[in-house]
Each structure stands twice: as C-alpha cells, then as structure tokens.
C-alpha cells in the first residue's frame, strides 16, 4: 500500500510541479515531550499547485494542524524540506503570502470585530480608506454586517469563527490556510459558508489548504483530498477530484460525489482500529 | 405554521403523558444582559416519555443548551414550568436523577481520568470496590482502558470528550442529558460511539436528551427529533422517528432515513435567513 | 450567575463595618480606661485631625506628592522599561532577572538609610526608596503579562510577518495590561509605605513618616493615628484610582465583565 | 525575689552601664530583686511603654518626661544618676560656624522622638527661628548616625559627648576640624537620663520599698562603673546581643559617661530641675511645657535609698 | 554554562559598575579628608583609599563579600557576632509570621468566598490594612503584645510579619477559590453535591495553584515584616537589629553585610517555597505548560 501511495504521489508531482505553489519533500516533525518523542509528521511529501483547493482529513491527532503550521512557517520541520513559491516557508511568510484561519477563532478581546479584521491591514500598511472598505466587504461576505462595533465576547462561538475567517480574507494573501474553520457551525450555516468560500475561490484564484473532519465538506470543496493517518502522521491517500469547478449544493447527491466520499471514508477507516 | 406545530404538540402530548418523564409547559427564559434582554427560550412545551431518545437540533444560539440546562435545574426558567418524574427539576436533581455531559469536556485538571470518573461516585457515596469496578467498566466502554492514571491534558481533545461521557455513565442516573458530546470527534470515532450509545440505551432503558449539530446523527440516534429556531428560542418541529430501535449503521442509506433527514433539514433551514 | 451587589451595599457594608469598629473602639477605650498614650479613642483622633489640618496637609504634600508619587511614577516607568528590555533581549532575561530578583529581596529597612545617605534628607531619597520598592513588582508583572499571550495569538502575528514593535503594540501590551495593573495595585500601596518608612532614617521636619516617628516620642499618639488615617485614606484612594483606570483599560478582560 | 522591669531609652550601650553592672554583679539580687532590663531602640518611646504597663521604671530625659506629664501621663522622677548633660552640637569648621550667631542660614541635624526639646528651647532662647530661611536655621531630622556631617548634608549635627562625637573622630575628622557647642556651656543644659515611674506606683508601700531597693542597687552599680569603666564596658558588651558593638567604642563611652554621672549621688538636685524647667518654659511662642509642673519629682525614694 | 553564562556576565558587569560607582561616590570623602589634611593625593592613592574605606558611602564589592564571609564562616554559629545566628533569629520570626499569615489569609479567604456579606465588608478593609504603614503600628503592637502578657519578643515580630504576609495569601486564595468556572460548578450541581462537597472537591483543589503562587510573595513579605519588627522590639538580635546597630555605631560594613545576608535569606526562602510549589504542582498532576 505504501508503495502504491508513493507511486501515486510521484506520478502526481510530475503533473503538478509546473505551477507548484507549495512543495513538501520528506517532511518530518518530531515533538520532544516528557513522555518521549511524538512523531507528528513522518516523511510527508506533497505538491500543491497554484489555484488548487486541497482538503486535509484524518483522525484526531494525525498531524493535520502540524502540517498546515509547517506550511506557514509556524513550526520548524525536523526533517525534509518545504518550499513555497520557490522560496522557503519563512521567506514566504515574510512576504505575507498567507492568510491563516486557526482551529479556534483567536480574536483579540480588546478589539472590536471591525478592529480585529482591521488588524492585518494596519500591520501591512493599508490606507485608512482602503481598510474601511475592506472591512465592510468581508463582514458582508460572512454575514456579520452590523456587528463591526461589537466585541468578540458579545458574539456566539459561530459568529466569532466567521469573524476570524473574515480577518483572513481581508488582505490579499495568495495562499489561504484554514484549520477546521467551520467546526463550530451548524450544518445550514456551514453549507452557506461552503458556497461562499467556493465562490471566493473561483473569483480570486487563491490556493487553499483546508482541514476538516467532515467527509462531505472535503469532497464538496476540494480539487484534491489528502487523507492522513496517525502514529506517525503520514499521508495515506491523495485523491484528485474529478468534479467540475462549478459545484451547486446538489452535486452532493451525484454518484461521483458519493464514490469519492466512499474512497475517503475507506482511507479514514484504515487509520482507525475499529474492526467494523 | 405555528398553529400546525401547536396542534402536533398537543396531539403528541396526549400520546406520551402516560409515561412522561420530563414535562415542559410554556417554558420561557430571558437573560438580562447589558445590551437588553435575550429571549433564550419562549413558550416551549415538550413531553419526553420514559426510555425515549430525544435529539435537539437547531442553529447556533437557538437555546438548545439553555433548554437542557433548564431540565437539569442549572438554569431557572423565567416563565412556565418543568417537572421531572412528577417533581420539580430541583428535587429531581437532588435525587440525583441526571447524568449530564457538557458541551466541553470540563474535566478537573487536578484529577486523573480515573479520578474524574470517580468524582460523582465519591459524592454519591458508592463503596470503594464499587467505584473501582464502575470506573473500569465505563473506561472500557469509551475505549479509554489504560488511560485511567493519565491527567486530562495528556489526552487529545477527543479523548477528553470521551472521558467526560464515561463520567456521566459511571453512576445510575435515569436521565442522561448530553450537549453535543461528539462535537470534537471525527466521523469514524463518532460513528463508533453512536453505536455504543445506542447499545447502552437499549441495554439500560435510560431516557436520553441529546443536542447535536449533525442531522444524520440526530436521525440515526433518536426516537424523537426536536428542531428549534432562534430569536426567540422555540420549537419549530417535533418529529417522531418511525425507524426501528435496532439500527445498524447502514440504516442511514434507507429511504426512510433520508426522508426524515430531509424534513429535519427543511425545519432547520426555516430557522435561517438564507434564501436559497 | 450571582447578582451584582448594588452600590449601596458595596459602599454601605464596608462603611458600616468600619463604623461599627470605630464605635466599639470608642466604647472599649472608655470602658477599660485605656490611656491615650496607648490607644486614643476615635473621637480624640478626629479632634487631632481637625486641630492639625494644616500640618497634615504639609506632611501629605511632602510624603505623598513629592516622595511617593514621584517615586511611583519613576519606579513604574523604570520597571516597565526594564521589562521591555529584558523581554527583547533574551540574554538580559537570563542574566538580569535573577539579579533583579535578588535586589528585590533587599529589605526596605536596610535600603532606606543608604538612600538617605546617597540622596540627602529631602524627598529625593524617599522617592529613591519608593523606586527600589516598586520597580520589581512592576517588572515581574509586566514580564508575566508580556508572556501571557497564547500561542495562537502570537502565531497570528507571525503569519502577518508583523515586526517586533507591531507585535508589542497590537498584541502583547494590550494582553499584558491586566498584569501590569496588578503590579500597579501592589505598587500603589507599597509606595506610600516606602515613603513613610524612609522618613524614619532622616528627613526635613515635615512629612507623614517624620510626624509619626516624632509624635510617638512625644506621646502624641492621637496625631500618629491622624497620620495613619490620612495614609490609609490616601492609599485606598490611590488603589481605587488604579482600579478605575484598570476597569477602563482592560474592559475586555473576563474578570472585568460579569456574565457576557 | 520581687520582679521589676526597667525600660532603657536606647539600645544596650555604656550609657546604661550602671544598670548592667548592677545586674551582672548581683547588686539587684542582693536587694532581693529580679530585674529585667529592656533595651530600647528607634520607635520605642519609654513613656509609651510605661503607659502600656510594659515597664515599672524607665530611663528618660527630663524634657520628654515633663512633656509627657503635660500630655496626661503622670511621670515622676525618682532618681537622677546623670548630673550633667552630654548633649552638644558638632559643626564642621569648614562650614564657617564659629558661634551660635553663625547658625542662621545653615542646616542643623537634630534628633527628634522627644529628644528635640533641648535644641528647640535653646534656639528660642537665641531667637533663631527653626523654619529655615536666611535668618533661621534649616532643621533636619537626624537619623541614627553621624553620616549627615560626614556627607556634608548638614553644617552641624547633634552628638553626645559619649557616643556620636567619638564616631565623628573615628571617621577620621580631627578635633581641630570641628567646632562643638556643649549645651552645658551654653547654659541650656537639661537633665538627661533619670529614672521615672508613674505617680500611682508611689502610693503603694510595697512598690516604694521595691523602688528604694532598686535605686540603691542601681546607684551602687553606677559607682562601680565609674570606678571600673573598662570592666563596666566589658559587661555592657556581654549584654549586647547584636554583637555589633566594639570594645574600644564602649570603653570610651563608659569613660565619658563617668564624667556625666560624677557629682550625682542619685538624688535629684532641685536647682538642676528648676533650670531645666525654666529652659523648657522659655520656649517663646512654642514652649515645650506651658506651666510649672507640680509633683514631677520626689526625693522619697532617694532619701530612703541613700541613707 | 549556558544557563549561568548570562548571569555571570551580568553579575560581572554589575560588579564593574559597582566598583566604578564606589570609586566615584567614595572619592568625595577622600578628597575632603585630603583638603582637611592639606595634602594632594595622586590618582592611585585615591583609588586605593576609596576601595578600603571603613565608612564608605558605597563599599566596594570585595569589602562586602569579605564582611559577609567573615560573618557567616569565621564565627561560631552560636556567637552573637555570627550572621548565621542573627539570620536564624530573623528566620524564626519570619516562619512564625508566615504561618500566621497563611492561617489568617486562608481563613479570611474562605469566609469571603463563602459569604457575600463577608466579601463586601472584609475585602475593602483588608486592602486598607495594607495602606497603613506598619512602622507606625509596630510600637503599638509591641506595647499591646506586652500588655497582653506576651513576654517573648517573637510574638510582636511574628504579628508584624503576619500582618504583611496575610494579604498576598488572601488575595490569591480568594481568586483561587473563585476560579472554578460555571461548568465545573454546574457539574457538581447535577450530582446534587452538598456545599461542603463543592468546597472540598472543587474549590479547594482548584485554589491550590493560586495558593502556592502566593507563598513566594508572602514569605518575602514576612521576612520584611520580621526585620521591620526587630527595630521597635528593642533591636536586640536579628538581621534588622544588626543593620540598625551597625548604622548607629559608625560601622556601616555591619549594616551592608546584614543587608546582603537578609537578601540572601530571602532568596533562599523564595527558592525553597518555589521548590515546594513545584513539588505540589507535580503531585497535583499539574504542569500543563
């Protein structure tokens, strides 16, 4: 099986390298803890092409977050290499290539929702007028118009999560990395935001890395689905989606959709010990 | 539409009152906040019969948690009444009728996993031998055998959540109230625990109140699905499931299942403002 | 959950308690015939306050305004600045912090005479003692505050590739405010005590510490208590002021908002 | 044995040599007394201690005792082992001060805590205001050491012949570089270390008897100390629990103290008393005491003790 | 070495600065003396003089070190000239006051947390108590303790030390006992737990980290209290008494050495308390960080 994956990966690389935005080669990351080393990532190789929408799915603790953090130079791999736009992840970060949505909202409590969204704009030196215009636009996008002056703790968890998404969308990062952005939301809101995200992606051509626990979500959104397995964290399957880029919600009832979902589920199940 | 629901509710009451364990009548709860009053629940009436498995589903902030907390006497309604086993919720609480699983794990960090599970047993005065036996049993049930001596922060989020479920199952409460217990878990683990929960329910005949954001989960588990809508929080639909009590995972592909899921989704969608 | 107590309760209860203590005190002093040289009755203390308002005012200006407040401002700024430096340069953190720890342990009773020797009799030496006393609480609390951001908050700044100054001004300083105010609360009371104690070791012929130490020798215990009352009142007001500013600055902190 | 507690005015030092000698040599024991000697210190006002019942007898300076008496604490002098005052003002010659007329415009160090009265009445007799300015003197509350003079923070400081003056010399300033004004020489001397009790103790026969024996033994101690100053200093050093005192310093102090106790048999000299009172009453607008004290001293004890 | 390197460098830098300051501050006196004696010393002579002055404005580090060494190692520990002896006396009062402070702080905190009325009445007065200068109260505490029949000097010293150390304990314990969040409390409510059970099984264990964190501050405060208390109790023995007597009798080196001995004692106490804290945290299963 490992053989197969490697084959597939290398095959895949050949196709995608031309426009590869993110290239991971034999990436490993080991945390040293009191209980001994934890191999969060081991020999992970993956190419992400420009404009791709890549989902990461896998059991809790398999290293999805860690992988995303490596891409954004928030974690330093203990082995292998990762390049972004042909330079190191650190250089890409300094060039402000990333918009990152964390697993938890992580808004600053002393800033209003508007202030939080304005934060990256201030840091990157956008003009005041531009700031105001952008804040208004992304608030609209995540259905939070009218909440600009509220403080984070005055909003429900789901609203906070949406604000943090807006924050990442406010500036023009080429690469959007989202770590379970819709975890705290109910199915309806989730569907709605999924559609919005697809539309935004189609419009801007951003490259997106997206972590989720939901199989339908992964299949619905992605051009490429990366299934990961734990202990040590590695890639167990990479699925290139044959679905068209234009995706109405109903696409979820098509046989192709269901077939991909099945393949993802099988890959996922292999990572668990349950024998059913 | 409201008319219809009321009709349905009153009709339903007639059927269930015979063995009703929880009876809510015109329950209202208003929070006084700095920004003015928040109507978390308004005129909510519901009967839950003995041995029923009732799921609550609805958009974020619609009052699911608040309703569950009212049942357990953790919140005091500002209007209407609620009785449990024919007595007030407070008396039922003092009679230790409830096992409650909170939305977050809420383990005590200074106690080991075993110690956390032992906590209710100590408070309720179980014998030492009985305590040990029960802890071992429920740890087995949630696949955490071997983790008894670990501290909560040594476990991943999903494992902590399972420990908190074990804690609620360790003692013999008639009524189990669970607030999004499987929120932090991936689909595979979730399926597994769903099965375990159904088995436990079948074995013990407990009455279960269960909050979830997942439509398939609600349909798969429940004998009754309560759909709620926000501002003010009220019940917009009550669906009695025609599915048999014996439920293999494959039941999720049957037409009945899909039909109920559709009805739940429609009810849910009505609670949102999206016009698609 | 708990209802917020009304302002009447919040002020009335402690005031009532204080009054009760005063009345009991008055009665006990009368009943047991305690000589005023040991413990004057509250009425006598009040008489002393009325009689000596001019002196009390002069003392207050000397000790509080010139000594304590100057020292508090300088010491707080110095502690804050040192914390920023230590935070910026890891070398200093590992080197200076243990040494600062040691300096903080120098007892004021020993420091005060040295400061009087170095800085003279007037308020400058008192301010110097206060600087030494408040420097450390501010330093430690600021450092703790600067470290109080969580990883995700810092990582966010990293993804923006924010500069050290930007991270400081937009994330770490706001996050540090609750800690800094804790340090300020401690410092506000320490400053008064420091300025007063320092006057024991040499002073001009005015100041609260001067008055207290002199009047004990003259058996003017009522005057001693008058100064104690002024000191307590000043300290409480200073503390309250810090709390008010804290409320205003750290409105967002969970401890400042009940419910949500 | 009868218990008796003596509160000293300051820390253990040769200034109180007589009492320590009496204790060490068993003079108190011979009088069937069990005496506890409590050293003083900054922040300890003997008058307050006796008011609080912490002592039966205190060593205090007369100005402070009389001031306390006016404040309502009825102290009575029962014996006066110190005949003369050891207090003086010591100035640096380089400050240009040659006589009291040069004081105005200068900064002077003064002990407070009840020790300021002699200075204040002296200044008021000279007509020099103590509130600063060109015609007044700037007064500093002097701490516990002679640093203000060494650091030139003050032109003059208060010294005792037996203690601080020696320290100034030890610090390396030659006597030639100093100008000193003894209160005795200036005619403003007030009585120093006397023994005081509360008035009502004297109404109690048993107490009077105890005090008589105490004064007798104490004076025996003082005589012994005068005759054997070095041994007395050694004894004092024995009792100094801080271990911070030096032999040389205590021996010199004992020698100087002997000069002050010389001429007193323990009984208060009425003329000295009257001079002190007059000095204190003459304080101009702010006298230390406002009226002639009544019954502030008694010979009742010394009469019995010394005959 | 990696750990101690920076400390070493900083300490050496401080020593260097210290020497320079010693020279500058003590020079005045040397020059004054020279003027009085009518001599004109050269630089090297002035330097030598400033480094070995008996009554230095700022004694040089080696002087303080020598005096400390002498006081600690060259004297029998039972000798009243030994810094160990005096340190021990201060230490005893510190510990007694520390214990008193802990008891008072915890007891008050429990009352404040359990009773709303106690909270509103006592807390402001606890704060006010800390704005009263202890030195002003000290003599009265001594006199009153005396009048109440306490014949040991330890009692007033311990009271003063306790007065200073109870406050940090109180503040932290109140925060700690209140730290359990809504959900942690709700959990016990669903079990129908009694108030006593809530206290023992939730509030108390939750408060322990806060408690131990406060001990470091409290023990330092207690030491300061003990030293302050040594002045009005007759300045008989202890580091505080030595500081005072050293200063009063023209022997500032004794004061400097006592001062540093006190700081070392404080550092030692804080170090021990931190050790206890770490141990307790480990036993309590903490140490998430």
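We just call them A, B, C, D and E in the order they show up, numbering each chain from 1.
The rule we apply is simple: contacts are C-beta pairs under 8 Å (C-beta built on N, C-alpha and C of every residue); 3 or more make two chains touch, one makes a residue touch a chain.
In this text, all values refer to a predicted model and were calculated from it rather than measured experimentally.
Listing every chain that touches chain C and chain D alike gives E. Shared contacts of chain D and chain E, meaning chains that touch the two of them, come down to C. Here the chain-to-chain distance from chain A to chain D, counted in touching steps, is 2. One finds 53 Å separating the Cα centroids of chain A and chain E.
We define each chain's centre as the mean of its Cα atoms; on that basis chain A and chain C are separated by 50 Å. Separating the CA-averaged centres of chain C and chain E is a span of 17 Å. Of all residues in chain E, those that touch two or more other chains are 57, 135, 139, 143-144, 147, 231, 244, 247. Multi-chain contact residues of chain D, defined as those touching 2 or more other chains: 42-43, 45, 48, 51-52, 143-145, 151.
Multi-chain contact residues of chain C (touching two or more other chains) are listed as 38, 113, 117, 200, 213, 216, 221, 260. Only residues 35-38, 113, 116-117, 120-121, 199-205, 210, 213-214, 216-221 of chain C touch chain D when the two sit together in their complex. Taken together, the chain E residues at the contact with chain B in this complex read 183-184, 186-193, 197, 201-202, 205-206, 208, 284-286, 288. Here chain C touches chain A in the complex through residues 150, 152-153, 155-162, 166, 170-171, 174-175, 177, 250-254, 257, 260, going by the rule given at the top.
Of all residues in chain E, only 29, 32-33, 36, 54-55, 57, 79-82, 85-86, 135, 138-139, 142-144, 146-147, 231-237, 241-242, 244-252, 254 touch chain D in the complex they form. Across the complex, chain B is touched by residues 35, 58-61, 154, 156-159, 183-189, 192, 195, 213-215, 249, 265, 268-269, 271-272, 274, 276 of chain A.
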